[in-house]
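First chain A sits with chain B, and in the next complex the same chain sits with chain C.
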Partner chain A sequence: MRAYLSYARGSFLSGLAYRSGFIFAILNNLVYMTIAYFLWRSIFGDNQTLRGLTFEQTFLYVTIASSLMVLLKTWTDWEISWNITSGSIIMSLVKPLKYQWMMMAQSLGFCLMNFLSIVVPSLIFLVFVFKIPINTGVGLLFFPVAIIFSFILNTTIDYIIGLTSFYTESIWGISSTKDIIILFLSGSLIPLQFFPEAAQKVLKLLPFQAMYHLPLMMLVEPEQTASSYLVSLSVQLFWVAVILILARLFYNRAVKVLRVAGG
Partner chain B sequence: MKRLRHYFRLYFLIEAQYIKSKMQYRDDFFISSIGMFFSSLTTIAVFWVLLASIPDLAGWSFNQLVFIYAFYMLAISPFQILFDHFWQLRFHVIEGTFIKYYFRPLNMLFYYLSEMFDIKGVVQLVLGIAMFIYASIKLQVSWNLPLLLLLAATLFSASLVTISIMMIAASSAFWIFNSWPVLDLARRLREFSPYPMTIFDGFFKILFTYIIPIGFVAFYPSQFFLGSQSISTAVYLSPLIGIGTFALAYWIWLKGVNSYTGTGS
Partner chain C sequence: MSLIEIQNLSKYFKVLNRREGLRGAFLDLFSGDYRTVKAVDDISFSIDEGEIVGYIGPNGAGKSTTIKMMTGILQPTSGKIEVNQLEPYSNRIANARRMGVVFGQRTQLWWDLPVIESFKILKEIYEVDNETFKQQMGLFEDLIEIKKLYPVQVRTLSLGQRMLCDIAAAFLHNPKVVFLDEPTIGLDVSVKAKIRDVIRELNHTQNITIILTTHDLGDIEALCQRIIIIDKGKILFDGPVQRVNQLFGVYRTLKAQIFDFNQETLPRLNALIQTKFPDPDAVHINQSEDFWTDLIINQEKAPLREVLNLIMSEFALEDIRIVEISMENVVQRIYDGALL
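Take a look at the complex of A and B:
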């Protein structure tokens, strides 16, 4: 455990090396919030609610989604791809540690750095400048747990995507396709409620909504009963199990094709 | 004129080498094209989903939004295809390999950019043309010679605006080294340029029209072709604004190039 934590610490500290980037990353998130504010205000027009959400709820949903995306952007897939194509993965494989957990620990360190440097400043801005009221309710207690599941889902999907580099060096294509699919189908760009009924039914059967939509609804509608949030958490848990099993199966298969030339 | 021919010839020679080296990874082209295809369609999908809940977006119908978006795709294609090397500038600056561009009797910007040609950008261009034709037919835009000339002028200008914004962002590498967050911010801004600028008011309208002129990448120039009743003065600026922003971007690039001292390695 301590060995893995040192990986998390390492990636956390390496994030500090690029401090000048933080200001632009914060600005990036704020620009998104501002544009989203005007866009959704224009969409709502004179309507009090659309698809069961008020403007405030929708705005909270999309801005927290954007911050969550920043939080979860840890480049794990790119890192693995780089390890594989450069051959440096061999140094990780000879260590008495599981490669998957090493990568997850690194991703966690990155995540914490993103949280402190980008997400917290954005949230302060959101609360004080846009003055978005956050309702209180039992859902707020479940939200942090749901975020942990989102993190596991996200890193494990990144891990699987990274492992495709055993077969192809085209990480840009695969990773950006993955980003777009998650962006669009998870509800992080447009709340799931706005999709046509039939599409919503399909989206609720996919793992992507468990990454964004389910946790976000805990924040947007925190006054539901605890049991409804427990249902959300179990859906997340189900997908965590499925994705982890897939990752293990894929790794066992993919690692067999590894050939590292010299060193 | 002779100089221009010389540059053209060199461009193809350098580019040919790049394409040859890329041919090793043929499946990369295929997979990247799929990635490009999906990312190009996201905004259209957003418009489609949104317009299922509301009749129009700030007064613009789905087909009109497709037209503006297609214009945007055509305007960003030259950047995507010919200027893709800007994304790598930070690596060259950090590692010190940028120094080699000083040692050739060529325009540095030209030499730097000629080393890369983004094949997947062609997918974007083709998709943009297809959407443009689709929206033109649906909206019954009656194309004639003056309108086509205006299209060429506005597209040229809009391309220069995109190129300039990204060039300024990439040039920040000369001062802050890791220019990725700046480029990402510029891209984020650019991605919102196909949204109707009329959703903004006050400060932000001025910001996105005159200070960071993303409105000129697609929204303002497309007004010429959409037959809108109220055309703001910004629209008439659109064929000209590109040259001004490019001059500024080139000046910043030169400043950066001249202040770069290498890494000492």
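Take a look at the complex of A and C:
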């Protein structure tokens, strides 16, 4: 365990080595928030609520979603792909550690760095400039747990995508496809309430909503009961289990390509 | 009790036969046209604790494949392999805990972090206790003055410094065996000497088994008591380094650039050498790169000085170079029966 934490620490510190990039990432997020503000303002027009959400709720949903997206952008798929195509994965395989947890730890370090350097400044901006009230109810207790599940889902999907490099040598296409699918189907760009009824029913059956929509609703809808939070968390947990099992199965298959066919 | 035990080990790869051009590349997508490459073909040897063994051979001989099987990365096609009484492939993590690895072309240090951070991370990964950590870092300070590199970002180290740090990192957790794959590649003479000293010292003080692959015969002479020579997946020689040392020692390659080189030059040269040194093992003539003719000379049978005098009496030479025999030539000599 300590070995993996020291790995996370290493990637956290490595991320800090590129601190000049943060300023642009923060700026990027702030510009997005500003655009989202005016866009949704005009969509709402004179309406008090649309699809059961007020403007404040929608704006909170959309901006926290974009911050969450920044938080979870750890480039793990690209890292793994690069390790595989360059062959440097053997430096990881000669360590007495599990490759999947190593990558997870590395992603965690990156994630924490994103949190401190980009998400916190953005949140401060959100609260003090746009004066968005953050829900201080019981949802705030469940939200961090939900984010941990989101992190595991996100990183494990990245991990699976990265491993496809054993077969494809380049993951550019498949990685961008994944990014776009998650962007639309998880609620990270448009709140799921704004999708047609039929589409919503389908989306509820997919793992992507567990990454963004479920945690976000904990912040947005203050008057949920504790049991409805627990339902959301169980759905997330279910998908975490499914994706982790898929990742394990896929790794065992993919690594055979290396182990049998050579590196 | 031997530390590494290898019996009838083989590793075959299936390689797709690639076709030429755009059309070929497209057809390859659906091709089932594989050929089998025998990277390692039925080799056996065992290595005792504390030995330094040179594992050498030309490019593509199967050295790295064997190392990757010993480290548990590759699964053997057939045969038995045991390191520390464990089968590396099915016990990758347990095996990794007791070994250190340096791949000369890669680094296990964290590229963006100061050197000391990498050592701290490795300390946690291999669960090295504080006492041992302090003791090992003290040893590295004595050997390579690592302290002054602590705050330096790995990416800004020179190649030599980085390699010294990588070697230290491989020995940090007091492993039973360390695999060094081309540790002196691309380094200048003084750094090579330093690295050889360090490796010898670490082997000596901690009785760590070292498997060394290299292209540099100097490494072998400086470090190994025993060498294993492999080519095309098969072991050509396994024995004390002294016997092969003679080979490196007595052979020299004389490279000559002959003035006005034409089609008759080589036959004339051959005939000239034949008259003076009729023994077929005395001098070998190869036309190598443009304008250069290589004469591989066995100094016991044909003194270099005499060969040179002989050639200069008949040919006008523009330039000459005298170099030590190369890995490829050693292997060629062994094929020709030089060690039998």
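Definition applied: the second predicted complex is superposed on the first by the 258 of 263 C-alpha atoms of A that agree within 3 Å, B and C clash if a C-alpha of one lies under 4 Å from a C-alpha of the other, contacts with A are read in each partner's own complex, and residues count from 1 in each chain.
The definition used in the following text is that contacts are C-beta pairs under 8 Å (C-beta built on N, C-alpha and C of every residue); 3 or more make two chains touch, one makes a residue touch a chain.
No experiment lies behind these values; they were computed from the predicted model shown.
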Partner chain(s) touched by A:V31 [first = chain B, second = chain C, both, neither]: first
Touching partner for A:G52 - first (chain B), second (chain C), both, neither: neither
Which superposed partner A:G173 touches (first chain B, second chain C, both, neither): first
First, second, both or neither for A:L189, with chain B first and chain C second: first
Partner chain in contact with A:L39 - chain B first, chain C second, else both or neither: first
Contact breadth on chain A, by residue count: chain C or chain B: B
Partner chain in contact with A:P133 - chain B first, chain C second, else both or neither: neither
Footprint overlap on chain A, where chain B in one structure and chain C in the other make contact: 18
Parts of chain A lying in touch with chain C, wherever the complex brings them together: 2-3, 5-7, 9-10, 13-14, 17-18, 87-88, 90-91, 93-98, 256, 258-263
Residues of chain B defined as touching chain A within the complex: 25, 27-28, 30-36, 38-39, 42, 45-46, 49-50, 52-54, 57-58, 120, 176-178, 180-182, 184-185, 188-189, 192, 195-196, 199-201, 204
Chain C residues within the chain A interface of the complex: 11, 13-14, 39, 65, 68, 71-75, 89, 92-94, 96-97, 99, 101, 103, 106-108, 110-113, 117-118, 120-121, 123-127, 153
In the complex with chain B, residue positions of chain A that touch it: 18, 20-25, 27-28, 31-32, 34-35, 38-39, 41-43, 45, 50-51, 168-170, 172-177, 180-181, 183-184, 189-190, 194-196, 199
